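When the chains are written out, they are named A, B, C, D and E in that same order, and each has its own residue count from 1.
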């Protein structure tokens, strides 16, 4: 964290790659591939929301899908009622963020921490999941939108140009817009993490007692982090809803929460690029597996996850970084014998 | 033959070396002191002997056997005991249970051990029911010592045992250890910063600097802090 | 409750902390003058660390009042209390383990200073505490003594006006301890300081007025020489150390 | 009056159900700080053991009480040796790995045994209480729940094994230095936790549909019960099961299962907020 | 074979729905083999493109897109739950890929691009209710799964019970993950109905039948259902003590005693001697879907969607293992024979057959002749 963001070449490389894909993909790829990649982009935004609160705020949420689902349903209900998507899209950030702030207040001011925090988020998610699953009856509608229970809400509007409800984005435009959002979220989080606020967050992650002994208000800090993560997850939910034009209670499921955890872990906690890699790798994998007629896909996917944990315990990105650093260290040590030292890599 | 003999020991954390060369021995019934500045490798040395830190070269023999291949618990069962820096009390066990853990892995009649130990550490008597984590720093240190002794180790590795202990109890501990070693029951390797304590107790004192331990500090020089500093690598 | 004319940095009245049946701090009336350096002695388990925790709000006292410069702060949250200008080095080093020593110290300095100044202050404090060469090392992997020094640098970097040091000399060799003593004396020129320590060699170098705790209550309060000669203190605490001093 | 008796028995059964679901997970999570996401699949494996062995003619009680815990316990030991032992202290990695394990088990059982095998019907028939009749098997569930708790409590309380296990979980490195073979402790603890889960799965087999994916129906409840209970395994499991089980069952009887489930979740939420370390984190701190 | 005609298959082959998906996929492949054995279509062989959505909606959506845009298949058969259908149906509609949904469901889909062959509640419930009321009495207690299908089915239950002069004294809905039914069983005992009607679904709800039998209720209150055994697995998983005597109604039973069905079953055993699929309406209707599409391709002489749809809308009648089937041009739903059967020792004993039952529910809300561009799933409301 030593290095300010402006001096880190990795950051610029990532942004450059992002911008390149954002403009290039619609030219290079066919429609199917673009829609495919769009999915990775949407889920990457979702993964980043957890990567941020967990990796840089030390808040472990087993219920990130609560906000994802809330954003998705907010967008679905608002856009079906309004026949327009700009305001609903903004609302799908604001409402989950507000709910995240409220829940965060409930949890952090109640001094919940550790697994207990994880379980409370999980329980809240389960409550949403139960409730939304219970809305099958026709009496459960908000305006024109039937909530639909287990079956979900079909025919969710596709994003339109702001101010012009008739001007729907085609898949390529939708892709570019989502890619743009991903880049914005990435840059935003990177800058935030490198800021003083971010350094304090990391301090709180490392040691809450010490943070408060230095005069930092741990609770308020965590609420802000949590709310921001919730907003981003909500936005990802809205992107998901409009991308699929369909949403069902699975958006609120434990599986959806667990997936976010898995992506972040697979990619590496404490990084932002890692979780994006995690999304791409694992989503691609389960997609590929389904096209093969080989054994049972659950067996293969399960085995891969287990091996992944054992072989890459720190996650993809940190493992590679560690191997690279260790190699470099050994090389250096062969050159000259240095006093014992392990320096802290400045990483994001 | 010496009870413990360490020759040419090297150890490292991952690829980062921490001990470069350590040579010393401890005869049965002896107290061997080790002095050194912060970060010079004292804790690392004790942890290497106990089996926590990977040894990358050299030899450790204990009671005539090479113990480099043994796990920590095997070394413990062979008669090594450690009172670690930081005490490492089981925070959610009562004081009594903390003591019992050391005994629980041993066979035979273990009933009287606790009573004996409490005679050595009377201050623990009224704390038996308290949670380990709720003890004061000094109380924890006493508990750690007592817990180690419960196993009746042949060789006890003490990492700064006087840290955080009130002066009068330091004296008591010193007396207790003297009694134990006088009975030839126990051999001690003592890492310590408290010069009075270490000189009062040790038969021989070594200095460690930058992961290198090779020189014994002659007894007559130990009373002179200036000389000791020189042995430890750099003057104040 | 307090006389507006007396300049007490910290004052406790009837301060009591009980854990179930254990009374760790028992009706302590304590006051520290502005700019004073006070040593707090007492047997293991006397309640010294608990007393510190009550001052900083880590524990909420069962009874009694804590005032900081005349303002009652009992029941306040830790971060609000320390923002008034208190820095504490805890008995067990309490650090941001995954971060570098520099980053640890900076997190403290940044409370007081803007970024560029915070950097300068942090580096200065690392040098002052003799751990400048550890600046980039991960503190979780440092030796015990190294961690003590980093924590000290961290506390000083926040430039508190009241410094609480819980066994700062633990695990230091003779010359390291001497340097620490000089540092504490220098510090006390600009701040009020309370030091808890069992190392009498250290205490003798810095102490003026001394408070002795026993079983949670104040047992004696007197200048150091008097304390060293006090039979009762020798009995409960010093043992043979007293003879060495005499 | 008859209905009141039925309600009481239903309450007890609901509580026992939670105890059975949570006990094995409580051992594994409570002692080892490993979140076994495959807990539901361990239950499923217990159920399959019962079904498969009764199919080849084994007596149902032998299948439930001996084979199910034995098979699942051994499977647990295997899993511990191959996977879990590398993941102690890495609570989330263990979550990820056991998530993988749960998928693997669902797929594996489907491959090996198929997903539609004939179940076993509930033994013992029914008992009439006034105008009502209930499964006599309910009393077996209630009895076993009580037995589970008693057994775990006795082991922890009266044997050195319990002490060694608890010390190992709190500070494995130090326990090693005191001569504890921590590898064995871990293996045994995970094995016992798995066996208990297997027994629970076996007990549930005659009451639920035993299919490879059944686990998902149980894992949430089990986990919430364990966490709400807090640090002490016996007191925690008992108090959490009692509170959550009776609240949700009362709500279910009064309104319906949706609100019953929601009531369970809300109760857990409120409890955790009021007692941030779980029930026994605050109230029964010193109990087992 | 570069000139092979690609046929998409999208059934869950792993995860919770594989009990239904695997047999459907087996039958789909068998149908394709049979067509190929007969020389293929338009002189070209058929080639299946099979993806496994792993009981996961987002994979459904991706594979649907892949089948439509990348593989450019001629037709897709698949989808099991309504949720999965509503995920993929709009995709096929948008990318003009002909789609066959071969599952019984709650009714109401109105989309000219989709052909729906399974029964809807109006077809089965309408026959089942008078049959069982006649046998057992007029007081009914309904237990149903708490989702769309369960709600709509329960509403049809109520409507037909009332039309037949009976009364539904209580309807209870259960979330799909409920596994304990003790309190409900006690409630039913208090209410003392003549009949329990079940529209329970899924593995959690198996517990109801188990606990019902364990409480000794089998001999006291009889039960009927339009969901028990829908996917084929319940009659196997339940022991005879638990399952026997439950009366159900579906569009197909393996025990249908016609030469066509017997021959078809033999074919299946021959093709899958070791892993013979569990037969149910879902599996049989999947066969129908493939055969009806193949027939339409032959008759239209092209793979183009429009001419094929015109053939399908022409009102032809097909002979299938389940009996006679024709497609209602207004709704693209099947007009078909419906059966009532009683479970005994893992087998459904057929009690009654009703010929050519109309999908009356969907007909209430959908008319593709008037609105060929319709693209909705109507919630059929009976209240």
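The working rule: contacts are C-beta pairs under 8 Å (C-beta built on N, C-alpha and C of every residue); 3 or more make two chains touch, one makes a residue touch a chain.
Protein names from UniProt, one per chain: A = Urea ABC transporter; B, C = ABC transporter ATP-binding protein; D = Branched-chain amino acid ABC transporter permease.
For clarity, every value in this text was computed on a predicted model and none was experimentally measured.
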Moving step by step through touching chains, the smallest count that connects chain A (Urea ABC transporter) to chain E is 1
Larger contact count among A-D and A-B belongs to A-D
If chain centres are mean C-alpha positions, then the most distant from chain C is chain E
For the pair chain A (Urea ABC transporter) and chain B, the C-alpha centroid-to-centroid distance in angstrom is 49
Cα centre of chain B to Cα centre of chain D, whole Å, reads 43
Separation of the C-alpha centres, chain B versus chain E, in whole Å, is 75
In whole angstrom, the CA-centroid distance of chain D from chain E equals 36
Among all residues of chain D, those touching at least two other chains are 106-107, 110, 258, 261
Shared-interface residues of chain C (touching two or more other chains) are 141
Listed in rising order, chain E residues that touch 2 or more other chains are 14-15, 146, 173, 175
So the complete set of touching chain pairs is A-B, A-C, A-D, A-E, B-C, B-D, D-E
In the complex, the residues of chain B that touch chain A (Urea ABC transporter) are 12-18, 210-211
The chain E residues in contact with chain D across the complex are 14-16, 18-19, 22, 146, 172-175, 177-180, 182-187, 189-190, 203-207, 210-211, 213-217, 220, 232-233, 236-239, 241-242, 278, 346
Listed in rising order, chain B residues that touch chain D in their complex are 50-52, 71-73, 76-77, 81-82, 84, 88, 90-94, 97-98, 100-102, 104-106, 131, 147-148, 151
Residue positions on chain A (Urea ABC transporter) within touch of chain E in the complex are 30-32, 35-36, 39, 130, 133-134, 136-138, 146, 148-152, 154-155, 244-246, 248, 250, 286-287, 289-291, 293, 296-298
Chain A (Urea ABC transporter) partner, complex, touching residues on chain C are 56, 58, 77-80, 82-83, 88, 90, 94-100, 102-103, 106-108, 110-111, 115, 136-138, 141, 154, 158
